[in-house]
Structures are given as structure tokens and as C-alpha cells.
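Both complexes below contain chain A, partnered by chain B and then by chain C.
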Partner chain A sequence: MLRRLLSLYGLLFFVFIYAPILLVVAYSFNANTLNMMVWSGFTFDWYRQIFGYETAITDSTSYVDSSAQLYAAIRTSLTVALSTSVFASVFGTALALAVARFRFRLAGFYRTLMMVPMIMPDIVLGIALLIFFITIGMNLSIMTIIIGQSTFLISYVFVTVSARLADLDTSFEEASADLGATPMQTFRKVTLPGIAPGILGGWLLAFIISMDDLVITYFVAGTGNTTLPIHIWGMLRRGIKPEINAIATLMLLFTIVIAGVGLYLRSRRTK
Partner chain B sequence: MKLARRKVLQLIGLLGAPSVFLLVFFCGPLLTMLVYSFLTPGIYGGVDWVFSHLNYGRILGWADTRYEKFDPVFLGIFLRSLRLAGLTVVTSLLVSYPAAFWISRMSPGRRDFAIFLVTLPFFVSLIVRLFAWVLILRPTGFLNQGLMGIGITSDPIEFLYSDFAVILGMTYVFIPFMFLPLYGSIEKLDIAQLEASSDLGATRVQTFWKVVLPATMPGIIGGSIITFIPSLGNFIVPSVLGGAKVLMIGNLIEQQFLSARNWPFGSALAMMVMAAVLLLLVVQLRLARRGDA
Partner chain C sequence: MTALDGVSLKLASAEFVTLLGPSGCGKTTLLRCISGFETLDAGDVLIDGAAVTQMPAHRRPVNTVFQRYALFNHMSVARNVGYALEIAGNDKATIRTRVSEMLELVGLEGMEKRSVSQLSGGQQQRVALARALAGKPKLLLLDEPLSALDKNLRQKMQQELKAIQRELGIGFVFVTHDQEEALTMSDRIAVLAHGRIQQIDVPSVLYESPANLFTADFLGESNLLPVAIDGGQASLADGQSFATTCASRQATLLLRPEALGLAKPEGPKLSFSGRIAETYYSGKDHQITLETAAFGTVRALIRSGATAPEVGADLTLHAPASGLHLIDEVAE
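What follows is the complex of A and B.
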């Protein structure tokens, strides 16, 4: 009896998690242009419109074309996410290697320090960065977004790579050194291939979080550098429009594919 | 000797650049913010480099000058944020606990998949997940259509722009944060202990309070803290689902920077959030130490 009840609850739990998301997907195919909450038939028009095709929607007088801003926002987001994730991966991996493979007095300090950006409320970090950039006279730009996001994404890569380093047997590295390999050779041929899945995982994580970051970016972007989440937030504030459903569904597809690959890789290597 | 020196050089090579980067762009900004919170706001939105404790005085009660006056509204918003974050923790705990229990009793293969499913929404864009709730809760939304359809209400109920919507939204967004630590400690639960408890005549309720709950306390505390921290300073959820009616400390801070242009006061408010978070972490560390002893 209790077991049944628990199973029923568990199913409700998953409905709670996924129903809202699926609702957005379903309504992105709704043909009703006047009242988006009333279903009036199936259409691909919202998607066709995003990709620049002529649709019935475009002819409507109330329609305001904003696809140019949308493309610009996507471009900015991808530029930022690619730069930030690569940058954070290099620094995060270097720190993880130093802490895991060298014995020095500050190792414990670094381990604690790397936790701080992850538990820091993002609004605090966001405004602190804003004040700092203005005070030192740095203009807000894509560069400040990249720097701002990196300050906390380094931590995420650090944690992911550290976990991998902890699993990696050091005896391979010792054997390599005993057999006469230089430290650089050992690193390139033994350590790096060993931690590569960790770096890849950390990079993917950093990429996704960067693509989705709203708060830090909001404060340090300045005018004219709109990322995708900020663009959508702006659309929401101007009033709910049906095309948001289609944009949201495409974003969903994109993140689920990336996150799915990442989580799949992780589950495979722990087995 | 030579070897040791090479090791040191390698270590510096690895640590050097990231350390300088974090020192400048992480510690630097936080220190600047701390300094700003003790400066005088300029008349036209800038800052005068004159020491002032009145930014804190405006929040906590001792400021009483012509331009800088104590207003209980700020403290009220801070307390409300604490309350909403606390309620978010309680709700997500109640929602996640039975689910974590259920999943921990599954066969290993299904269990991994279930955890994957709980984690996946964390990677879905925050703004998309909040938008979904706007669709559900708005007056013409899904929920109201359903309620009016089955005749519970004849006029749409305003679910949006309320404490309820904000707590619901934050619970929804932070479920993975609560679930994973909870699951971690529930999974470790020793079945033999539960059996022993019921063999010795304890009822299910007694077993839960005396055995299950204490054993899973580390997960409860861990999950609560990492849910509480991002809820407290949140300003996206209240601005999307709470509108102008549910103001949280995060919204107040944002206003100081983007419309009121009073940076020192905004910094002081942010320092209050930091202080609350640090206090929480210190308490947690104390509790953890006492638990070990």
C-alpha cells in the first residue's frame, strides 16, 4: 500500500518536473496567432518564421519582426560561451593539476577557494564585477562578459577535472617517468589522455552554464551586447508572444542534446 | 635540488596565471564592493570618496540625516526574502524527499536513468523554465482554463505576481539542488536498521522519526543550504513571476544599480546578502563539526 502510494507520488514528481517544459513545446506548434493559449490547429509557422521563411504570421499587421535581434543575440551567446568555456577549461584544469599532483602548503586553501565562486549568490558577484569594471575604467563589452563568467566557471571545471584526477592511478605517471619520459612527455602521453573525459565534461558544463547565464551577464554586458537569455527576458517583459515558445523549444533541444551527451559520457566512464 | 627547483617552476607555471586572474577579477571586485558600501553616494549617481556608515544605517536603523534616512521598508524586504527563501527550502524538501526515497529503491539501471531525468532540467535554460510557469499561471493560462473547465471557479484566479508564484518558481528551478544531496544520503540508508527498528516493534512513523530522519540529516542540511543561498539573492524569479508586487532583496539591489543609481547603498544591501550567506555557512560548519565529535 505504502509502496503504491510512493510510486504514484514519484510519477507525479516527474509530471511536475516535465509537464511545464512539454507544455511550451506543445504550444510552439499552435496555429492561433491571436490567443496563444487557445489551441486552433497545428503549424510549423513559428519555426519557419525564426528561420526566415515567409509565413502567414509575417503578413499580420500586429507582427513586429525581431529576428535580426534574435540572430545577433544567438551570435553573442555563442561567441561568449565558446570563449568562456575554453578559457575556464584551461585555467580550471591547470589549477586542478596543481592541487592534485603537487604537494604544497596552499593546496588546501586553493581547494576551499575554488568552492567560493560556486556558493556566492550571483547577484553579489554580478554587481561587484560591475562596480569593479567601471572603477578601473574598463568599458563594458563582450570582453567583460567573458571575464565575469570565467570567474565562477573556472570552479566548475576545477571540480569536474579534480574528480577525474582523483580516480586516475598515479602509478602510470610514475612508471612513465621511471622509463625515462620527460615531464612534458608524461603529461602529454599519460596524464592528459587520462583526464581528457574530465576536461571535456567540464568544458561542456561551462559551455551550457555560460549559454544560460543571466545574472552576471545582465550586469556586466552594458548596452548593445544582448545574449540569448537576456533577449528572451526582454521579450517576456514586453509581453508574452507566441514565438517565444518556438525559440524556447529550439533552446531546449540544443541544451538537452549537449547535456545528454555530457551526462551519458559521465555515466559510461564511472562504470 | 635541481629536481625540486624544476617542480617549483612547474607548479608556478600551473598556478600563476589562474591565481592572478582570480585575484584581480574575483577578489578585486568583492573588495571594491566592500569599499563602496562605506562611501557616500554622489548627487548625480556617482560616488564621493568620503567614508560613510549611513548606507548600512539606512537599512539597520541609525541613519537620520536629510538625505540618508532609515526606512523600515528595506529591512522588511530583507526579512521577506529570508522568509521566501526559507519557504522555498521547506517546499522543495517536502517535494524531493519522497521522490528521492522512491528512486533509491529502484533497480540500479532504472535508478541511474531516473537521476538523469531529475538532473536534466538543471541544464534547461532558466528563463525557459520560468516562461513555462508564466504560461501555466497567467489568468488565461493552463491552470485557470482547467479550473474554469471543471467549474471550480467562474472567474480566472490571479496566480501570478504573488508569494505563491515566486515560491513555486524557485522550488521548481532549484529541485535538482535539493534532490541530489538528499538522494546521496538516502541511498546510504541501511535497510537492516529499518528492519531492526520494525522488528523491535516500532511503527512506521516511529521508524521514520527515530531512524530514517536522523540518518538522512546530512543530506537535508546540505540540500537546504544550497537551495537557500541562490533563493535568497534571486531576482530573476521574482521579476518574472512576482512582478512589481513581490519585491525581494535582489530586485532592490538591481534597482540601486540600474535605476536609482545609488551604488554605495546597493553595495551595502549586497553585503547584507553576503553576511547572511556567510553566517549560514559558519553555522553549518559548526553543526558538521559537532556531528563528527
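What follows is the complex of A and C.
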């Protein structure tokens, strides 16, 4: 009896977590244009609309945002995510190496300092960055988005690479040095291959979070730099339209693919 | 914190020296000072007459076999063994020849393509050895390399290491906490404790006539009995005495368990009577714990073959007075 209750609890738990997401996926194929909560038939219309196919213009679709705007938002998001994740990977890895491998005063303090941006409320970081950029007279642009997101994404890379470094015994690096390798050679031939899965994981994580970030980006984007989340947010303010479900489903798919590739590469590396 | 204090160690070329001591005695730290992974507050490290004290680890002409081997998992056996040569910028053909030479030396012919994670512990040990030797170091450092192997493999590797060292004719500094290992392999042993070298000498001298109580106690089993000395005569607590040249008034007699026997030797001797408290049979001999009135427990090693000693029985054991060794220190 208790076991059954426990199983039921387990089932309900996962329903609670995944049902909303599955609903969005289901609604994205719902042909009902007026009320997406009522199933009226299967359709690919919303996906067609996203990809710019002409569909019959009806009352409900007459205010559809143009696909061009959506594409521009996706392009901005990809540009930002790519730059930010690469930037964060390089600096996050360098920081993790410094904290893990060099002995200096207050190393523990700096480690904590690197964790703080992850727990900092987005809204506080957003406001702070906005004020900072205005104070130093920097115009809000795609550049400020990249800098703004990097401030906390470096922390994510730092954490993933640090975890990997903690597992990489220093004796490997010592063995390399012992066999005559300069610090740079040791880094290239031993340290980097050892932490590569961590760097890759951190990079993908940073990429996904960047693609998804709304709050901080919203503060520092200014006008004319619409990322995908900002674009969706804008669409939502004019009512929940069915193609939002399709966009959300595609984003979900994209994220799953990226995370899947990450996990696959990781498992292959550690063998 | 001082890990090492006033340590002075000089190796002849092609000498096998073991640093022996309990964990935390500073033996690994001393090894790391030689390899360049620890910096000295004072003093110098010289290799082949040249000071390397200020030289970073990667420029020192020494290589190390690490305790857990530290083999590069993402590289093949061949790349591991050839690492030093690759770093030094040798061409591929030279590296290949030297790698197969090294693998042959350690008995892993034809294993070049294997991944190191596919190897057994003993094989990994050999790869680590081959890797450290490939760059022709002037001195090889070994940090408890055999501690992860099981007993049989260990004894085999001990003999092989010794043979390889003789063949190559380079110095080995071997760190271990295993006294048997140290005794069988070394040309000389340095016994370390509390960051100091307690004694350094050839194994037989260390075992038979240790200079201090620590060495006597750490190397092998021992009975340490207090003696009072007066006029060239050392007397035990029960009144037995023997001739000595020791000048102190108080000293400690080292009596190895195997020095005691059932047979009464000719000439001067020491005798110990008591009740057998415990016996252990180990194949070639019996280990006996004798409960004596004057000295408490005395441990002895009796060849098997004679009548087996029984717990509770009374027994008298003798040691010839000729081979007795006095340590000029008083046990606490």
C-alpha cells in the first residue's frame, strides 16, 4: 500500500514537472486558431508560419509578427550566445586554473567571489549593469549584452572547469614537468586534454543560458537589439499566440540537442 | 612547519639508496626536493656536481616513478613512454626505437598501441618505470612505486627493479615505508624520522648494529632490554652480565628474536626463562612470546622441526654473548 502511494507520488511529481512542457509541445500542433486549449486537429501551420510560409490570413493571424523580425532576433541571440560562451569559457577556465593550481593569498575568498554572480538576483545584476554602462557612457548595444551576460556566465564555466580540475590529480602535471615539459607544454599536453570535457560542458552551459537569458539582457539591450527571449516576451504582451508554442518547442529541441551533444562528448572523453 | 631538518645525503653514482621511514617522516618531501617540486628554505641540491637548487623541475636531469604512476590516460603506452623524448624534440624514428627498447627492458614488448587504462596494475607500474627511464635521467626517483601491488608481484618487481638498476648503472633513490623491501633492494638505507636522517648505512649494519633505538625498533622485530654498565661489564636486570666496550653507564641491549635459540651455545651466553604466552606458526619457524619474570615479554623465533612449543609451557632460551649489540641510548 505504502509502496503504491509512493509510486503515485513519484508519478505525480514528474507529471507536475513535465506536463506544462508537454502541453506546450502538444499545443504547437493544435489547429485551433481561437483557443489553443481546445484541440481541434493536428497541424504544422504554426511551424510553417515561423519559417515564413504564407498561410491564410484570418482575423487571428492578421497581426502575426513577421518572420523577418523573428529571424533577426534568433541571429542576435546566436551571435550573443556564441561570443559570450567563448569569452566566458576562456576567462572562466583561466580563473579556475589560477585558483586551483597556484598558491596565493585569499584563494578561497576569490573562489567565493566567483560563485556570487550565480546566486545574485538577475534583476539586481541587470540594474547594476545598466547603471554601470550609463555611468561610463557606453551606448547600449549587442556589445553591452555580451559584456553583461559574460559577468555571470564566467562563473558557470569557472564552476564546471573547477570541478574537473579537482578530479585531475596534480601528479599528472608533475609527471609531465618531471619528464621535461615546460609549464606551457604541460598545459597543452596534459592539463588541457584533462579538463577539456569540463571546458566543453561549461561552454555549452554558458551557450544555453545565454540563449535563454531574459532579465539581464532586457536591461542592457537597449532598443533595436532584440534577442529571441525578448522577442518572445514582446509577442506575449500582445496575447499568447499559437506560434509561440512552436517557437518554444523548437527552442526546447535545440537545447536538448546541445545538451545531448555535450553529454555524449563527455561520456566519450572519460572512457 | 619544518618537514626536513639538517638532512645530508650523498649518493655515489649507480647507487641504490632507499629512504625508509614511517609515514610523515619527510621521505617523500626529501624526494620532491630532489625532483624540484618542493623548494628549500636552506641548503642545496647538487646533481653530478652541479647545483640544481634554483632549477625548475622540468630542467632537472632526474625522473620520477610516481606512487600512483600518474600515467597519461589519454595517451597510448608508446606516447607515455616516449613523452620525455617527444618533449625534447626527438624525431619519430628515434622515439620509436627508444620506446621499444624501454618496453623490452621492462618486459612489455609489443604493447606500444595499448591504452594505459587497459593495463593491469603491474603493467602500469612497468610503463611508469619505462617512461621515467626513457629520457636517460642521471638519477631515478621512485616514490613508493610498489605499494599498490600485491605481495607476489611486489617481490618480483623488487628483483626486476634491482636488476634494471644494475644494468643501467644509474642512481636510484627509492622511497618506502616497507623495511623488508628496503633491506632486500638497497645498497644503502637512510632511516628517516621526524624530518631527520636517523642513520644511513648498508642494510646489514643497520639491521645488526643500529646506532639508535629508533632504527633498532623500526627495522625488524626486536627485544630492547635496559642494561647497566660498570667496569666493562654490562648487567641485565636479573643479574646476568657480559663483557662490553661501551663507555656509558646506561645503555640498551638489542636482542633480535632470531638470536634466541633452544640449544645451549658454547661459551658465554644469556638465558631467558619464562612461560610461553603465545605462539604463531609461520611455516619455517615459530614465533614465540615468552613471559619472563625479569624482562616482561621477550619475543623469539625458533626454527620449526623441533618439538612444537605449547602455550603455557615453561621454556628457557639462550643467546650467545658474542653477537650482542648495545645501543648507547636509554629506552623510555
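The working rule: the second predicted complex is superposed on the first by the 251 of 271 C-alpha atoms of A that agree within 3 Å, B and C clash if a C-alpha of one lies under 4 Å from a C-alpha of the other, contacts with A are read in each partner's own complex, and residues count from 1 in each chain.
Convention: a contact is a pair of C-beta atoms (placed from the backbone, for glycine too) under 8 Å apart; a residue touches a chain by one contact, two chains touch by 3 or more.
If you're wondering where the values come from, they're calculated on a predicted model, not measured in any experiment.
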After the alignment on chain A, I want to confirm one thing: do chain B and chain C clash, or do they fit together? fit
Contacts for A:Leu253 in the overlay, against chain B (first) and chain C (second): which applies, first, second, both or neither? neither
Thinking of the overlay built on chain A, is A:Ile131 touched by chain B (first), by chain C (second), by both, or by neither? first
Quick one: the Cα-centre angle at chain A between chain B and chain C, nearest 10 degrees, please. 90
Under the stated touch criterion, name the partner, chain B or chain C, that contacts more residues in chain A. B
Classify the contacts of A:Gly194 with the two partner chains as first (chain B alone), second (chain C alone), both, or neither. second
A:Gln185 in the overlay: touching chain B, chain C, both, or neither? Say first, second, both or neither. second
Return first, second, both or neither, reflecting whether A:Ala166 touches chain B, chain C, both chains, or no partner chain. neither
Under the stated touch criterion, which partner chain does A:Ala175 make contact with: chain B (first), chain C (second), both, or neither? second
Shortest distance over all C-alpha pairs of chain B and chain C after overlay on A, integer Å, is 6
Hey, what residues of chain A end up touching chain B and chain C alike? 183
Contact set on chain A toward chain C in their complex: 169, 171-172, 174-183, 185-186, 189-190, 193-194
Considering only the defined contacts, which chain B positions touch chain A in the complex? 6-7, 10-11, 14-15, 17-18, 21-22, 25-26, 28-30, 32-33, 36, 95-96, 98-99, 101-103, 105, 112, 116-121, 123-136, 138, 140-142, 145, 172, 175, 204, 226, 229-230, 232-236, 240, 250, 253-254, 257, 263, 266-267, 270, 273-274, 277, 281
Could you list, by residue number, the parts of chain A that touch chain B in their complex? 2, 6-7, 9-10, 13-14, 16-18, 20-21, 23-24, 27, 35, 37, 91-92, 94-95, 97-98, 102, 104, 110, 113, 116-117, 119-125, 127-132, 135, 147-148, 150-151, 154, 183, 208, 211-212, 214-215, 219, 229, 232-233, 236, 240, 244, 248, 251-252, 255-256, 258-260, 263, 267
Chain A touches which residues of chain C in the complex? 35-37, 56-59, 62-64, 66-68, 70-72, 74, 83-84, 87-88, 131-132, 135
